[in-house]
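Below, each structure is written out as structure tokens.
In what follows, chain A forms one complex with chain B and a second complex with chain C.
Moving on, here comes the complex of A and B:
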């Protein structure tokens, strides 16, 4: 017996003891009908070969370890960015349990969201009654200022009509007639979570600007000097949104953050649970129509929202999750151009500090090869940053990336000599990435938590940047946007590089000559 | 901080009843009526907890429940390690449940083992419109090509499958024939079926009956020499290694575990189970169906047990031994005696730190009752409990064997109710899931996830109890809870008297 009351062993150590090891070996041998270990080894090696890679890339139907989620997750993420808003997902209830768990595991925060809990009878007769009862209950219990409705694939397949359902629910008195219930159809079988973000945000903006589904007059745009800002589906929303606010304030620009969920995903522990916190006020959401321009940090998170905004007469500008010097320059210069405000010296100094840091450390990054996967915009932002560090983003993969996205990534490659041998993989998954890491190895992989399987299997060290990050804490509190954000990304990359150098030089009397104290 | 300590049972009952009345006020009338049936104060001596259960959740209330897919793929089938489980439909379900349940296993992932992988048909609009059967067939071909050492495939249906009329049974049969009788199991666990995870468990159990057991030739020779001491562990998902710290005890008492359902389980183990002499059942809720079936069809008795905390473990070991001869009975006593010093040491260390602390639980299949004994071994008291997806037989077992007079009972609790209950009862610890964790921690209430063991574990067996005790202590006695209120906002201390 290895367990001990004074030094309790949990799963990390307990099962490594001889009793458990013997037990597990017996279990395998006698009852699992195991494969011949030589055969396992043969297949394991075969799975590393170019031949396997070719078969793997020939897949047409099967997806293995995708790096994307489904639309309603993004819709929920966007909805909680509005003041006092509860997301209401029309369809099966299990989905909502999944979104809430997923977001809580990333942010280590509560995630409030309700379901209309449709079951078999609703599948046959439609979910109207679920909508009627559901809205009434949510309204009574949680006293939201707004209920933002989206759908699961079940409701989409049976063709429930949200507009008509919400109208009927209001007629039946579920919520007051003038109460805000924006909606968006968010079928899980179209696009990904970034599409869902886009649809939900578009639904909310349309609701406020275009007459609340025919129940109010459409707003008339009275242009002012404000700038609207949209972050897109962003795992770093807490750190990023706060950093962007600081930049706006430093520049003296009046702004509205649309879907500001930076507070609701970062509430204090002080004895009170805040189901709602912060967020774009409904008044600001409506008044955002008057803004001079809208800036989106993530083009692919706002593909439908931006044209809607543009159609109301605003200038719209989109970026691809800008990270680093040049991308941030473009962002800041766009702010300056649109607002007519000069870029303050303070930001120039911050820029200079980032350039300084990159210069100090570039020798350790220069020429290193990276694989990147994640959401389409994040991939572009990271690839561009690596290129300006003199590194090579050798493989760039987005499961939810399209052909047009791939062309854009290629253009980023083409803009730098370091992009010459780089390749982009739209619509591929992490099992494809696994093959790539074997057949065309790189020094580091940048991705979300699931990359740890790639790290284990291929030995490529993982730098955790993306969504979701479940197994490291609090990184979402740091910005990756702005010059300060670029600094954070630089440090995360460098830390991993130095850790690897140390790890590879720490064998006494063998490799310790490079185990330097100064690097 | 616990109020319970200073109140009589009658006072507690009155307070709890008042509390229930109070939370019901928030609902529209129709909902209040429905929810009232799920909330109660337990009366000692009653045969159940006096609540309705396994009924549809009310729309819009923030139920904590999941769906049938979660019950089948996430719970029953997912841990079977040498089979590939296709999340059939859109990408999300498989993504959110990917490796989230910590069903530990040994194996070469991606080569002969596949638990922590996400295989999906990633349905697109055209699959909804034209049907997904052809795609499914192709997926099976691609699996065979790229993962040749898989021992079988299951098709875990997501919502659209049943709505668009796909015939996954036909595809599975066809492909099984093509691959020389390969085990391919279609599972109709679409998320809209039933009212919670629970129906998914049942459907998954039935699919093992129909597509695994019924495919075995009745006269096929066993793959190993049977012994009179062969048992199968049913309903242990090996979360954090739970099944392992259970198995070791059964083996130490002289039994031979021929199968684990389904944590660290394999197809061969499922197939071998009808040869067991006894099925020992931990999670009754999720696997009573297959246990009953094996009893009826193969004459295998089954026996519920509880491996949380030394009192229940000893009781269970003796109960299991009761099905066997003296050799095993002596074995059980030997095991209990062997671990007694460890248990004494654990209790000596942790009980003084936990004595009198109160707990509120809200969990899934077996834990709302099963862990009560473990808390009591540490001198703690469970003052409220409820099931996410329990049935009446769960509440009967709870009432008859576990909860105390006056315990607050809440079935399929809503976010609102749970929050209010905890606010008023002020337990020293809440044990529930990830969706609840941060809500209560924000309120300054210590919390442990009782689905995933908060990434710790195992909690089963004697080895697990030491970890359980450590973790509860760590949660409740963490210094951080004293910091929730800034010192300048804390209630002023009474002024010191000069005479002191």
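Moving on, here comes the complex of A and C:
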């Protein structure tokens, strides 16, 4: 036996030992009815052809390797951005475990979230009792300042009425009557995690501004000079939010970050477990109604929230995950225009540095082809940045992208000669992307961790930008917004380009005549 | 074995150098290299020059005798390419310390050579002298000789410590080391009437390999390339070549000329940059070989290859011509001969608005004038604001330059393409020209330049630094025009001859007062160019400008 207690091999090594290899080979031969390897190879090659692509794109019902997640994930993400808030997902607890693990694996942080743990009888008779008990237990066990309720499909299918349920639970004494329990219906069979973010945030804002579900008077807006900021569903929230705060402070603008989860996803290790950390205070959330304007960095994360805010008399401005010089210019200038504050020299210098860095390295990116997939706004931000660098975002794909989104991406393509041969794929999945990469190869693919299978199968090097990133650590601590954020994205792209050059030139006595130290 | 100072004198006496030939005995003694100006931002030293000239020899160990500074900063810093051994990329140094400085580093050097031979067994070890061991009196010639005898292996001293002069001198001293210790020490297995040496070609980015297939096709054998992708043995038997092509004239002219003198190998100075230059060089190679008894039919075959390759290259360049129409190029280059690239760019339909002449000789300048016409802007050096002004006045769309000017261009917001040593693309030969055109196209149409030129959108364009700098330049010019005293001061402040401290005003006055027409006359009256002689080219320009009574030649302070 290769395994022994003195020197325990992990799975990398163990299953490569002769015993296991022999066992696996026997199993395959005797029990798996193996196909002719030549036939397997033929099919594998066939799956790379235009013919296969056509069949692949003719798929109507089946989604293979989706590049999106479900609404309640987004709802949980938004909810933890408020002070002392625990997300409460009404529905089956299995779903909630997914959100927690998804977020934990990306941020490498604990992710606190509870569920009403609906079971079969609840599915038949309705989940009211689960809501009543759930709220009571959550309130007494975790002492949150607020419980933000969202739903899983299970509760939505049977049509549980959150408003009524919460009211009843309060009547039954689960939580005090004046206690904040905002809610949002977030069925996974509608939209994606960005929709869930939108719904949850809208629910919370509505709760505070519009009379707390009839338990308090509606707030009267008294305009002040503050600006509200919404990041949207953003895997870089830790780095981005801090960078945006710095920009606001540099410009001398008073601001409120709505759903600020930058601290709870980045708690220090100092001996104390923080179930809650940082976040938008409930007072600030309520007072945000008085702000001059609200800025959203991600249009598709705030499609419902922004109209609600606008209806209260504020100016609302939305961006598509701005990355790079032009997009950041627009963001900074919007801040300046709304606040009436001048853009300080410090930001002008950061801009100049980004332009300088782009110029220093442009030759390496210019003319390269990229495939991008991810959330709709991120795709637009990245595509625009690539065009700015003279690269071609040849394939842009979002499983949660709509037709209207596709038109917007097309408009981005049309704005540059480098967009001429680029195509947008709304509602497609990563198996579609696989066919695209085989039939119309590109130099690099930009996407989340799941892209590593595309990288392996198609040989297209993966640049990890997006959510979730499970297999690389701590990138979420770096901003991708602001000029300094643009610098990070530039460096990540360049690092991969140079890694590839090195990888292609590192065979001793064969290709290493170009294995240079200066690139 | 001649002493270092004698070798340097010998190099200064190089009769193959056109510039040298025009000098008096006294001038020649002063040396041909420009005296470095204390306080100026100077280029590399003689050690660096020797190292870069020999480093492309791929199968020898390059051992730098000195403190860590010399090898630490230069280890593997050139994009030369090897088709075989990679030992040239390994950084070998004696890394001497304080004790060595006190007690001498010869023993350490000897041991280092021994260890290299024991552990790597290369065909030869090249030992580079540097400032510190040279100053404390380490005799590397003696150590190399002893080691060579002891280990039965060539150990070649390259005596070019940094303090003896600039990089260019180092190139030549490297050549001297080859001439003295390597060339002619071995014999080739066989010879052919088609054996060619290529001298001063470094195979940067593998450029040589873009030309080699054509030579192979013609049956011409590169017996030895000094030093790109070179092997020790090839250099050692290079004296059996029938003809030689000298590629980078300034660097290794002494090698080409002395090989002609000693071994009767005729050489010509040529270039593979640009289509016509490539064709001319191929013809010249064929001609020299035929002169030395290669069959006449070689020329017929050469012409056929030229016709085919030219047609292919033109066809590949053709589609770019409409895109390049009206695009103006500013060329700032060091190592690559300006005039050879000028021709190449004009072939692609680009308009050249200026070129640098910093490292060019008088002959180079004449060639540039021939190619670009009399009003060619010849630029010694350029500041960002001058560059920006050129760009803003639509005088230039792109700058082609070496890595050093890159940053200046970028800060000035000028599109830029690297054509010097650190470039990552190979531009030699017919395919190289197509590649260059491709790269220029990419650089010209890179959307990033838009960002570079545009100030931040919130900036008042009347107040940004570019506007301020131009306003300042205009104001300075206006002030000079309005104020004769200031203009006089400016004229007096602009030094032309650094050796004899002669300013522009003095020279202009002398020309005016005495009606001078030649550099020699100016020298007699003002003593300008009486030192190193480098500024005689600039005095030519002043004279030419006077005679044309046009605006003075564009020339920034040295």
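Note that in this section the second predicted complex is superposed on the first by the 507 of 519 C-alpha atoms of A that agree within 3 Å, B and C clash if a C-alpha of one lies under 4 Å from a C-alpha of the other, contacts with A are read in each partner's own complex, and residues count from 1 in each chain.
By our rule, contacts are C-beta pairs under 8 Å (C-beta built on N, C-alpha and C of every residue); 3 or more make two chains touch, one makes a residue touch a chain.
Please read these numbers as outputs of a predicted model, since none were measured by experiment.
Participant: Look at where chain B and chain C land on chain A after superposing the complexes, then choose clash or fit.
Facilitator: After superposition on chain A, chain B vs chain C: fit, no clash.
Participant: Under the stated touch criterion, which partner chain does A:43 make contact with: chain B (first), chain C (second), both, or neither?
Facilitator: first
Participant: For A:269, decide between first (touching chain B), second (touching chain C), both and neither.
Facilitator: first
Participant: Is A:343 in contact with chain B, with chain C, with both, or with neither (first, second, both, neither)?
Facilitator: The answer is second: A:343 touches chain C but not chain B.
Participant: Please work out whether A:439 is in contact with chain B alone, chain C alone, both, or neither, and reply first, second, both or neither.
Facilitator: Neither partner.
Participant: Name the contact category of A:137: first (chain B only), second (chain C only), both, or neither.
Facilitator: After superposition on chain A, A:137 lies in contact with chain B alone.
Participant: Can A:61 be said to touch chain B (first), chain C (second), both, or neither?
Facilitator: Once the two structures are laid over each other on A, A:61 reaches chain B alone.
Participant: Please state, to the nearest 10 degrees, the angle that the Cα centres of chain B and chain C subtend at the Cα centre of chain A after superposition.
Facilitator: Once the two structures are overlaid, it is 110 degrees.
Participant: In the superposed model, does chain B or chain C contact more residues of chain A?
Facilitator: B
Participant: Rounded to whole Å, what minimum CA distance do you find between chain B and chain C in the overlaid structures?
Facilitator: The answer is 35 Å, the least C-alpha separation in the overlay.
Participant: Within their complex, state which residues of chain A touch chain B.
Facilitator: Residues in contact with chain B: 1-6, 8-11, 14-15, 19-20, 23-24, 27-28, 30-35, 39-40, 43-44, 47, 52, 55-56, 59-66, 68-73, 88, 91-95, 97-102, 104-105, 108-120, 122-123, 130-131, 133-138, 140-142, 152-154, 157-158, 187-190, 192, 267-274, 431, 434, 450, 453, 457.
Participant: If you look only at chain B, which of its residues touch chain A in the complex?
Facilitator: Per the stated touch rule, the residues are 26-28, 30-31, 56-70, 82, 89-93, 95-100, 104, 106, 108-112, 116-125, 127-128, 135-136, 138-139, 142-143, 145-146, 148-149, 151, 158-160, 162-164, 191-195, 197, 223-224, 240-241, 244-245, 247-248, 251, 257-260, 264, 266-269, 272, 338-339, 342, 345-346, 348-349, 414-416, 419, 433-435, 437-444, 456-458, 462-463, 466-467, 469-470, 484-486.
Participant: Mind pulling up the chain C residues that touch chain A in the complex?
Facilitator: Counting only chain C, the residues touching chain A are 76-77, 79, 81-84, 86, 206, 410-411, 416-418, 422, 424, 439, 442-443, 445-449, 451-452, 456-459.
Participant: Which residues, counting only chain A, touch chain C once they are in their complex?
Facilitator: By the definition above, chain A touches chain C via 325-326, 329, 332-333, 336, 343, 348, 351-352, 355-356, 358-360, 362-363, 366-367, 387-390, 416-418, 508-509, 512-514, 516-519.
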